[in-house]
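Next up is a structure, given as structure tokens.
When the chains are written out, they are named A, B, C and D in that same order, and each has its own residue count from 1.
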Amino acid sequence: MSSKKNSKKYSKKEYSDLGLGVKETSGVYRTLNKDGTFNVRKTNIPFLERINFFHSLVSMPWPRFLGIILLGYFVINTLFASIYMAIGIENLTGMKQVGGTFEQFMEAFFFSAQTITTLGYGRVAPLGLLANIVAATESMLGLLAFALATGMLYGRFSKPKATVKFSEHAVIAPYHEMNGFMFRVVNVQENQLLEVEVTVSISLRRDNSQLRDFFSLDLERSKVVFLPSVWTVVHPISETSPLHAFTPEDLEERDAEFIITMKAFDESFSQTVYSRTSYKPAEIQWGQKFVYLVAYENDKIAIDIERLDETYEAPLNS
Amino acid sequence: MSSKKNSKKYSKKEYSDLGLGVKETSGVYRTLNKDGTFNVRKTNIPFLERINFFHSLVSMPWPRFLGIILLGYFVINTLFASIYMAIGIENLTGMKQVGGTFEQFMEAFFFSAQTITTLGYGRVAPLGLLANIVAATESMLGLLAFALATGMLYGRFSKPKATVKFSEHAVIAPYHEMNGFMFRVVNVQENQLLEVEVTVSISLRRDNSQLRDFFSLDLERSKVVFLPSVWTVVHPISETSPLHAFTPEDLEERDAEFIITMKAFDESFSQTVYSRTSYKPAEIQWGQKFVYLVAYENDKIAIDIERLDETYEAPLNS
Amino acid sequence: MSSKKNSKKYSKKEYSDLGLGVKETSGVYRTLNKDGTFNVRKTNIPFLERINFFHSLVSMPWPRFLGIILLGYFVINTLFASIYMAIGIENLTGMKQVGGTFEQFMEAFFFSAQTITTLGYGRVAPLGLLANIVAATESMLGLLAFALATGMLYGRFSKPKATVKFSEHAVIAPYHEMNGFMFRVVNVQENQLLEVEVTVSISLRRDNSQLRDFFSLDLERSKVVFLPSVWTVVHPISETSPLHAFTPEDLEERDAEFIITMKAFDESFSQTVYSRTSYKPAEIQWGQKFVYLVAYENDKIAIDIERLDETYEAPLNS
Amino acid sequence: MSSKKNSKKYSKKEYSDLGLGVKETSGVYRTLNKDGTFNVRKTNIPFLERINFFHSLVSMPWPRFLGIILLGYFVINTLFASIYMAIGIENLTGMKQVGGTFEQFMEAFFFSAQTITTLGYGRVAPLGLLANIVAATESMLGLLAFALATGMLYGRFSKPKATVKFSEHAVIAPYHEMNGFMFRVVNVQENQLLEVEVTVSISLRRDNSQLRDFFSLDLERSKVVFLPSVWTVVHPISETSPLHAFTPEDLEERDAEFIITMKAFDESFSQTVYSRTSYKPAEIQWGQKFVYLVAYENDKIAIDIERLDETYEAPLNS
């Protein structure tokens, strides 16, 4: 028996290939957060290796992103304004010669803004070699800089994001002659998700130990061609399931974590998108079944998303 | 028998993994429309979860898209014109001081347009701190806004769309010693489609019941390396086919729906594209065979698309 | 025997899934041209279904593409110039009032050019409602139009194109205890090709018939992880090969065509690229072996591409 | 035995499909450099076939790329300045008529810069047919040229690059009842890598020969769903391993090279990325085991990257 258990421990089939490599735990914890982010922190990475401007700019929240662009715009113009001041304000035509240094600086600042955006009203224009060199350089840099900024802006805007919604909780419900672990997923948006694949894994603390094992769970079906409506993902708890004969207490005691990953092709973005979520024992309802969502209204199939988590009593098979 | 039927009902092999999850039906209906859109409506989705600006802007019809851009352009300029008016028209040089408020507003409006497009004739130009701040901001926002608008425009333009054409109707025709369900597909454009994969599924209402079963149908071949000419997709109706021994009446009575999905790599877009269609009993011709399309003109293979749906009488094998 | 032959004729394994669907031929012909284009023409396709501007603009030769852009630029400016003339030249400030209609038209033309490119010198600028409306519209359309033009330009520039070179001819050479059909392929550029997959198929005219059969040929290996050097693709002519016991005359008489497709991931474009070629009997050398290309220069592996087609005598196994 | 050895030599299973095709070697060498580049040089490639501007511009170092853009900007403006001089400086309004040819040339140069960037202050503006034609052409070319430049700039910026770090050395460590070849890999950045696949191959010089064989090594697991933490890749040295019963001396004497390739989907770039590295005998530590990196800090998993290469003594199983 135990040898079999050992051999099982290393068999590819049962190992969930999650790349977590986590064996030793401090007891109760969560690997994958509900929102799909990981509960992992890496330390002592050299800054230059760690940093990735593109990734940061693409994934930071909108306010910060726009703030950075505005700030950069302000800083660069201040910089160039100072240069024009240093060259000498008399090298800019059409400046109001009245007013003190501040007024002149502001004029230089706005001239810089008109140059870097290639707006170029021309009320103020550069005169002489130096001012012209700076202006010619600035306008070219402006084109490059705004290409990056607007490229990032569009990159953020057109970045496909997961549009699926998982049921807040999973259930253990009767399934044919046995029981099954079930959760639901729906695409809340209008874009079509195609070739949708789901993997379900479970992480269990070993009895009387701090070691963790990862098992992948077989599914009734793990792939659908498209996902126009609701999909109830089912892991049949058969004799071969690592969950076989588990009680709610077992899940608690072994600090189980169900780790869900979903892969799909988003037709409107023509790109592959991924979603992740996880369920802890507290988020699993025993002896409950999901209500049937699909209704028919004048020959259209209608799905009421609000009822995604709705369940009804359903005595488990023993 | 019935137990076998049950077991079949849940066997992965027979279940078509369509992610439709539709079991209960109001009788006759169509899941997948002829144009590949789904007959599904989702309700009670929170607005913020439902909405996807990118998806909407990419998939809305051209007139609406261009209308939105024009409207936005008009609204934003009106907005900024009002701001310039509020700041005081005297802060814009070169304005014709003649004319009433409307003329001045229009001048401000056009100045705004010249600023947001970074056109900047300069006949009218901002004077003083406030006007300059607004203009500098507007020109920068203009660059960002137009980056989005033009990005979307190009995104729409370069979005790969299915270029295949399915035969309007399918046929049940003799196929070797048995019969086969057949339809044809052709790529009507010049771009090459590569690694073309087809899946065919059927949805049947269970006898004396409102439940539906989905079966995937085996194909003579389900993938071709490329699709330069016409492809006749064939499901051989063997003993193992869910359609075995079906009559036209059976299809009608069980409200059959053939659901077709096609996946391909579009060489000119370097992207994967998908197409979908479906056939209802009324769109299936029994005892008809598709005519042979391929002709030879001075050593070139010629395909006459107009004859895609042409068939001839062909007595079925019993 | 013959029954076996028949069954073989329809077995998926032997059918090469090329999507050619060509059965009846006018004798000698070539399906796939040496450059990978197809020898297929489609007729009677409704214009709107056939045309795909993006595809055309991406694949047309450079001179025509640039010609179209220049022409469009000229036409649009002529159009707007006419509008400005119609509105009345006096609505453009700074025009030289001297000169006849032609001079004025040219001024309007160049003003239009300065507007559509958002150049806006401002020497000439619009005055009054109408002229301003046209100018504001033109500058916005200019931004959109140039976004498309430059997008296409960049799309063409960044479009991955096959960078592999196939040997001009294939060989039938001794291979272990049997013989093999072999050709060579090399990536002539610096970009890395990864996960390179090859499929080889043969199209044969049936004996005493005009029908054609397509067979896919098993390869010594059909996929390599990367392709830094030369790859000799080998089809071992074993007892199970459709080519078994063929003579050069057989290939001629059955008008054989070897159809090669290659798929790879181009690391510098981060995209999948495809190449195709074909070999007719005249392009196959019997009893020849490709010379060994790989040399070593101060610990670097050196490949002499010029010798890609070099072979030496090698008596075939019988 | 030897026959078995031969058959093995050609069996697909053992052959590592690396596309290296290297059989004959000058003894000790390295196929794949530590940084993932190949030790291969191709000669005699026609220039037009070899060159790929996009690839070069995307992969050249930043300073050279920016240098090329600056140089191009300078050259083009010089060119157009000369044209304006040729046409006659009097065709540009607002030029300071004072100053010699150089001053005038510089004015023309800066006017060109203001035109090509569509800046267009208008202090200097073209007059007459010729100057206007040149200016109109230049501004259009400017838009196209900068579209390419900025497109390349953004292409470089948004190009996904491998973000994984392999352990500097590999180890041969005890693994269950046998030993295993192990190395570690970690994603040093915040972006998620999904569906991470690894292949490990070994290149060995044949005994008493200059020929090389390539073998692919079976892995404990070759794919993980995601890689939030550290992954220790393990090749169990079982009886069937080509490394079975090898000593450090054997590796040296047969000039072994372990070739590692990794494929993953980068979620932030929505693209597939590849990494490569290799280990030579000198980079392999025998009887060492990697220390366990994963720690727990207030319920977060913490990975100390600095210790990626840290090992401890671990006597090998014999």
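One rule holds for everything that comes next: a residue touches a chain if its C-beta (ideal position, glycine included) is under 8 Å from a C-beta of that chain, and two chains touch if they have at least 3 such contacts.
Predicted, not measured: the structure shown is a model, and the values here were computed from it.
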item: Pair exhibiting more inter-chain C-beta contacts, A-B or B-D; value: A-B
item: Copies subunit A and subunit D touch via same or different residues, half shared test; value: different
item: Inter-copy rotation, subunit C to subunit D, in degrees (Cα atoms; steps of 5); value: 90
item: Mean-CA-position distance for subunit B and subunit A (Å); value: 25
item: Gap in Å, rounded to a whole number, between the CA centres of subunit D and subunit B; value: 36
item: Junction residues of subunit C, two or more chains touched; value: 118-122, 151
item: Chain contact topology (line, ring, star, complete or other); value: complete
item: Touching residues on subunit D, where the partner in the complex is subunit C; value: 10, 12, 15-26, 29-31, 38-45, 49-56, 58-59, 93, 115, 118-122, 125-127, 129, 132-133, 135-136, 139-140, 142-144, 147-148, 151, 155, 159-160, 199, 201, 261, 263, 271-274, 276
item: Interfacial residue positions of subunit D with respect to subunit B in the complex; value: 118, 120-122
item: Contact set on subunit B toward subunit C in their complex; value: 69, 73, 77, 96, 106, 109-110, 113-114, 117-123, 146, 149-151, 153-154, 157-158, 163, 165, 176, 186, 188-192, 194-196, 220-221, 223-232, 265, 267-270, 292, 294, 296-297, 299-307
